[in-house]
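Per-chain numbering from 1; labels A, B, C, D and E assigned in written order.
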Amino acid sequence: MDGFGVTVAFWILAAVTLVAGGGVMVSRNLLHAVLFLILSFIGVAGFFVLLSAEFIAMAQVIIYVGAITVLILFAVLLTPRASRDNSETVWALPGMLLAVCLAAIFLFVVHDTQWKTVTDAPLLTTQDLGHALLGTWVLPFEIASVLLTAALVGAIMLTRSAEEEAEDALA
Amino acid sequence: MTTFLATDNWYDLRDLANLSREILEAADKILPFGVVYVLAAVIGFVASFLIFVLPSQLFVGVYGERKLIGRIQSRYGPNRVGPFGLLQPIADAIKLMQKEALTPTRSDRLVMYVAPIFFVAPAVLLFAVIPFGPNMVFADIPVSLMYFLAISSLPVLANFMAGWSANNKYSLFGAIRIVAMTISYETPLVMSLLGAVVISSTLSLQGMVLWADEYKIWLGLVQPLALVIYFICVSAELNRTPTDIAEAESEIVAGYLTEYSGMKWGLFYGMDIGYALAASAFAATVFLGGWTLFGLEKWVPPWIIFIGKTHLFYALFIWTRGTLPRLRSDQLMAFAWKFLLPLALFNLFIVVTERMIWSEEGYDKAYIYLFAIFNILVSGLLVFAWARFNGYRPDDVPTRPRLVKEARGYVPLGENE
Amino acid sequence: MAEARTGVAAVTRQLSGPEAAGLAETAAPGSVDRTTETACYLKPEHLVSALEALKTDPDADLVHLTNLCGVDFWDHFEVVYHIQSFDKNQIALFKVDVLNREDPVVPSVVPVFHGAWMQENETYDLFGIKFEGHPNLYRILLWEGYPGWPLRKDFLAMPGGLQPGLGEFAGVSRRQEPPMKVLE
Amino acid sequence: MTGVIKSEPFVINIGPQHPSTHGVFRIRATVDGEKVVDAEMVMGYLHRSMEKLAEERTYTQNIPFTDRTDYLSSMSNNLGYCLAAEKLAGIEVPARGDAIRVIMAELQRLASHCMAVGAFANDTGAWQTPVMWCFREREKILDIFEVTSGARLTCNYMRIGGVAFDLRPAFEPMVRKVLADLPPFIEEMEQLLTGNEIFVSRTRGIGVLSPELATNASLSGPMLRGSGIAWDLRKADPYCGYEQYDFDIPIGYQGDSYDRFIVRLEEMRQSVKIIQQALDGLPSGPFRTEVPLALRPQKGEAYARIESPRGELGYYLVSDEGPAPYRFHIRPPSFINLSALKEMTVGGTVADAIVVLGSIDIVVGEIDR
Amino acid sequence: MSVGIEHFLTVGALLFCLGLAIALSKRNAIGVLMGVELMLNAVNLTLITFSRFAVSERPITGQAFAVFIITVAAAEAAVALALAVSVYRNRETVDVDQLNLLRS
C-alpha cells in the first residue's frame, strides 16, 4: 500500500488507536476509560476503511460504538455504588509482564515471517460478503443468530430483579 | 450518470459538480501535489455552506421553525431584526457568542468541553454521503446507508458525555434517558430501513435514488410503513418534541443541556437542527426519490429539487413539534419495543416475500406498482390491527364529564343524571 | 335523585353554636366546653375524638374540614375549625381555647382530617401554636429559625407602648388598650 | 440471595426555579430512578404576610391586597373578601351589583381556566401551542376587565356593598363577542387535546384521587369534582344570586388528572351559560350600597366563601369594632389542594409528578400569600 | 514510504496485548470486559488485514469471520454486562477480587 495519504492515515490511526487503548489502561476514572475505548474502536474502524472493508468498518461503528459502549455506559450507571476508580488488582504486574512477553513474541513473528502478499487490494464488495455469509458460511451464520438470541434471553433473565420474578410466578 | 444531463460543461449549473471538477482540474495543473485535496475540501465546504447549510440551518431550521411555530401558535414569530425578522438567527448567534460559557465547579471539565465538539463532528460527516445531484456527492461509497447509520449513532455518546459531565441530576436524567431511548429506537429504525434496502437491493444512497428514477416510484410509496417508522424513530433519536424526553423542558428543565450556556449550548442547539436536516435529507434520498422528480430534474437543477424535498420533510418535524404533547419515557420505550419493532418486523417479512415474488417474475416494472398499492393498504391495516391487539381503545375515553344538577356529595359511577 | 336525598338543603345550613354543641354532645358526650351564638367550644383533650365522632355520625356527617385557623386574643389563642358536610349541606363552627400563651399546645386533627396537615403547619408557622401529634410540624411559609410568630398581636410590638395595628382617624378616640401587657 | 439492592434513591429538587412549577414553588422529590418515592413541598418563597398587613388597613383598603393573592383570579378574590365584609357588617348588595359580580366572577373563571388548561397542556409537553391559544382567548377577557375596571390583572373592582363603577357602554358588546367566540374555542381545545392519544395516555390514570381522600384532604373545586363529588358552592351555598341561573356541575369519573382537565373545560362551558343568562337579565338600578369609608362592623366574626376557579375560597374575618379587621384569614384553595400532592405523586414518575402538579392548578401567590 | 502487512499486524498485536493486560489487571469487572473487547477488536483487525493482503482464493473469508467475531462480541458484552449488573445487585460490588464466594 503506497501513497502519501494512506501512510499518513495509517500512522494517525495507529497513534489514535494505541494511545486510546493505553488511555483505557491508565485512566483513573471508569467513565473516562469508556470514552477512550470508544476512541480506540473508532480508530480500528478507520483501519478497516483503510483495508477497504467498508462494510465491516460501518458494522464496527454501529455495533461497537453505537451498541456495546452504550451498554457498558449503562452498566457503569447501573452500578452506582461500585468503585469508579478503574484500579488494578494484585495481578496487574504479572498480567502486564505476560502481555509484554506475548507482544514480544507477536512482534518477532510478525517481523520475522516472510509474508506472501498481494499488492493490489482484492475487489471485495458487500455483495461478496453477503454471498459468503449466506453461502459458504451459512451454518455458522445461523448458529451466530441462535447465539445472539440465546444471549438476549440470557441477559434478560440475568438482570431480572426478584420482584419481577415474583410477579411472574404469581401470574 | 451523464444521461441525466445535456452537457458536462462547467456553466451547466444543473450539476455543480461540473464546475467543481473544472476548477479542480485546472488547479491540479498549477498547484503542487496534495494541495488540490485541500482545495476540493474547501470548495465542497463553501459550496455546501452557501447552497445548503446557510439557507437550511439558519433560515429553515431557526427562522422558519420559529415562524411556522409562531403561526401554529397564533402569534407572529420573529419580525423585528431585519426584513421580516430574517436576520433573527444571526442576532441569536451573536447573542450566544457574547454569553458566558459557564462550567459548574464540580463538573468533569474536560469531558464537558469535549462533548460539543464530539457532537458537531458527526453532523458534518453525515452530509458526506448525501447525494445532492447526479454527481454531487462527496463520498460515493457503496455502503453509504450503513455509513449514515453508523455516524448517526455517534452523537448519543456526546449527549451522554454532556449530561454526565455536568454533575447535575437533571443532566444525568437526560443522559440516561437519551441513551436508553437511542438503544430502543435504533432497532426499529434499522429494521425499517432494511425494508427499503431489500426492495432496492442496494446499500448506496445514490443507488436508491437511481432505483427510484428507474422505476418511477418513490420508495416511500412502496414502503409506507418503513417511512412512518423511520420518521418516528428519527424524531425520537433527535429529541424532537413528541419524543424529546431527554431534554423535556417541563420535566427535567433542559435534560443534558441544563448546565450548558453560551456557544457551547449554541453548538448543541445548532447541530440538533443539523442532525434533523441530515435525517430529513436522508429520508428525502431514501424514501422520496432524492434529487429526481419524474423527469423534472432535467430542467430544474436537481440539487434544488433535493433541497426542497429536504425542507418539506423538515417541516414535518416542525409540525409535530408545534402540535403534539410529549410521551413519558416508559411509554416511549414501550412504544418502540411493543409497537414499532413488531411492525417493522412484519414489514420486513412482507417486503422479503414481495422481493422473492418479484425476482421470480423477472423484476417486472408493473409489479412494483402492485406492491405499492398492496403495501399501502396492508400498512394501514397492520397499524390498526396491532394497535387494537395492544389494547388501544379510543372509544373508552370519555371526552365530557358527567353533569349533575345539584350539589350533593359523592355521585358513584353509573348513577348519572 | 332529589327524592332520594330529601335532606339536602338548597342553601348550606350554618349550624348555630347550640346546634353544633348538641351534635357534638350526642356524638361524643362531654366534649363541649361552652357555646356561643355562632360557635361551639370544644375541650382540647376531647377535640380529636369529638371530631372523629362527628365525622362518622350520620346526623352530623361533618366530613370536610373546610377551614382551620388561629386567632390571637392577646390573652389566649383560639383555633377555629369550620367543618362541613356534603350530604347534609351544613357547616359547623368549632373552636378550641388555647390558654397557655407561653407554650400553646393543641391536639392535632391530622389523624381525622388529612387536610389539616397544611393548615396546622401554617398556623404553627404564623402563631406558634404547637399541634400535638402532627406528623411533620415545621415552619411551612417562613424559614426555620425565623424570630417570632408574625400573626401574634405582640409581634413587633415596641417597648414603650407602641402597638401594632391601624392608627386612628382624626376625631375618633384611640383604640382601647390591649387587655394585658405581653411585652414590657 | 441476600435481597435485591435497588439503585440508590436520591433527592431531586423540582423547583423553585423550574419551568413547570408555575412560580417559585418547590417539590423536594426523592426518586429511585425515574420513580418518585417521596415528595415534600417547600413553599414560602413568595410569602408577603398578607394576613398581618391586612390587620393594619381599613376594610376598604384591604381589597387591593386580595387582588394580589391569587393574581390569576383577582375578581373572585375581591368578591370573596367583599362578601365576608358584607356578612360581617350586615350590608345588602343591590341586584344590579350582584349581577355584575356574577358576570365578573364567571369571566374571571373563564380567564383562569384558560390559563389552567393551557398550562396543564404545557406541562404534558405540548410545546406552548395550547397555552398560546388559551392566552389568545384570555386576552379578550382581560380586555373586558380593562374596559370595566381600568386594570387587566389586579382589577380591584369589587367594593363592599357592590362594585366600584357601573358598566361602560362598550361592556356588553365585548362580552357578547367573547361569549360568541368561546364555545367554538372550547370545542377546538377539546378536540385538540382529548382527541390526542398522547395527551390522554399522559393524563389518564395519573394522580388518581379517591373521593374519600379528596374529602378527607379538604380539597375543593375541580379537584373535588374530578373525583366524582358533586360539590359546587354556587349550587350548594348560593351567593350573589347564583340560584337564579341554570347551570350544571361537571364531575369526573375516576379522579385522575384527565378528569380534572375535562371538568375545567366543561366548567368553562357552564360559565358561558351563566354569563349569558346574567347578561340577558341584567337589572337596572344602583350598583352599590353606600358604605361608610371607615367601616366599623360590630364585634363578631364571619366566614364567607365562594367558588373561585381553584376551589373554595374563604375569608374569615374577626372584628373588634375597629376600623381594621382584627383577624383576616384567607382560606386559599390552591394551598389546601396541595395537601394531597404527596399521595398523588408518590409511585409515579417524575414526569407524572409534573402532570399532577399541573392538574392541581396552583397559583403561588395564593399559596404563599 | 509505504505501509505493508507488517504494520497492520503490529498494531493488531500491540492492541491485543494491551487488551490482555487490561483484562488481566483491572479490578472492576466492567474494566475487564473492556479489555476483552479490545482484544476482540485486535483479532478483527488482524483478520481483515489478512483478508486484504494474503494471497488467497477467497479473501472474503476474513471479512466473514470478522462479522462472526463482532456478533460473538456483542453477545458476550450483553451477557457479561448482565452478569455484572446481576452481581452488583446481590453483592453491591463489581470488583473481581471481591467475588470469592466459592473460596470462603
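One rule holds in what follows: contacts are C-beta pairs under 8 Å (C-beta built on N, C-alpha and C of every residue); 3 or more make two chains touch, one makes a residue touch a chain.
Every value quoted in this text rests on a predicted model; they were computed, and no experiment measured them.
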| item | value |
| --- | --- |
| Shortest contact path, subunit B to subunit E, counted in steps | 2 |
| Most centrally placed chain - per-chain CA mean versus overall CA mean | B |
| Selected pair, greater C-beta contact count between A-E and A-B | A-E |
| Inter-centroid spacing, subunit B versus subunit A (mean Cα positions, whole Å) | 29 |
| Length of the line joining the C-alpha centres of subunit A and subunit E, rounded to whole Å | 5 |
| Centre-of-Cα separation between subunit C and subunit B, whole angstrom | 62 |
| Approximate Å spacing (C-alpha centroids) for the pair subunit A, subunit C | 72 |
| Sites on subunit E at which at least two other chains make contact | 88-89, 92 |
| Sites on subunit C at which at least two other chains make contact | 86, 89 |
| Per-residue multi-chain contacts in subunit A, two or more chains | 4, 55, 59, 67, 71, 74, 78, 81, 161 |
| Complex contacts: residues of subunit B adjacent to subunit D | 69, 72-75, 169-170, 173, 241-242, 244-245, 248-253, 321-331, 392, 394, 397-413 |
| Subunit D residues within the subunit B interface of the complex | 10, 12, 18-20, 34, 121-129, 132-133, 136, 190, 193-202, 204, 211, 215, 225, 228-233, 235-236, 248-254, 258-259, 262-263, 266, 349-352, 354 |
| Contact footprint of subunit C on subunit B as seen in their complex | 405-410, 415, 417 |
| Residue ranges of subunit B touching subunit A (in the complex, touch as defined) | 33-34, 37, 108, 111, 141-143, 146-147, 149-151, 153-154, 156-157, 160-161, 164, 176, 179-180, 182-183, 186, 203 |
| List of subunit D residues in touch with subunit C within their complex | 41, 43-44, 47, 49, 51-52, 55-58, 213, 215-220, 229, 231, 233, 236-238, 243, 294, 300-301, 303, 305, 312, 314, 316, 318, 322-324, 326-327, 329, 331, 335-336, 338-340, 368-369 |
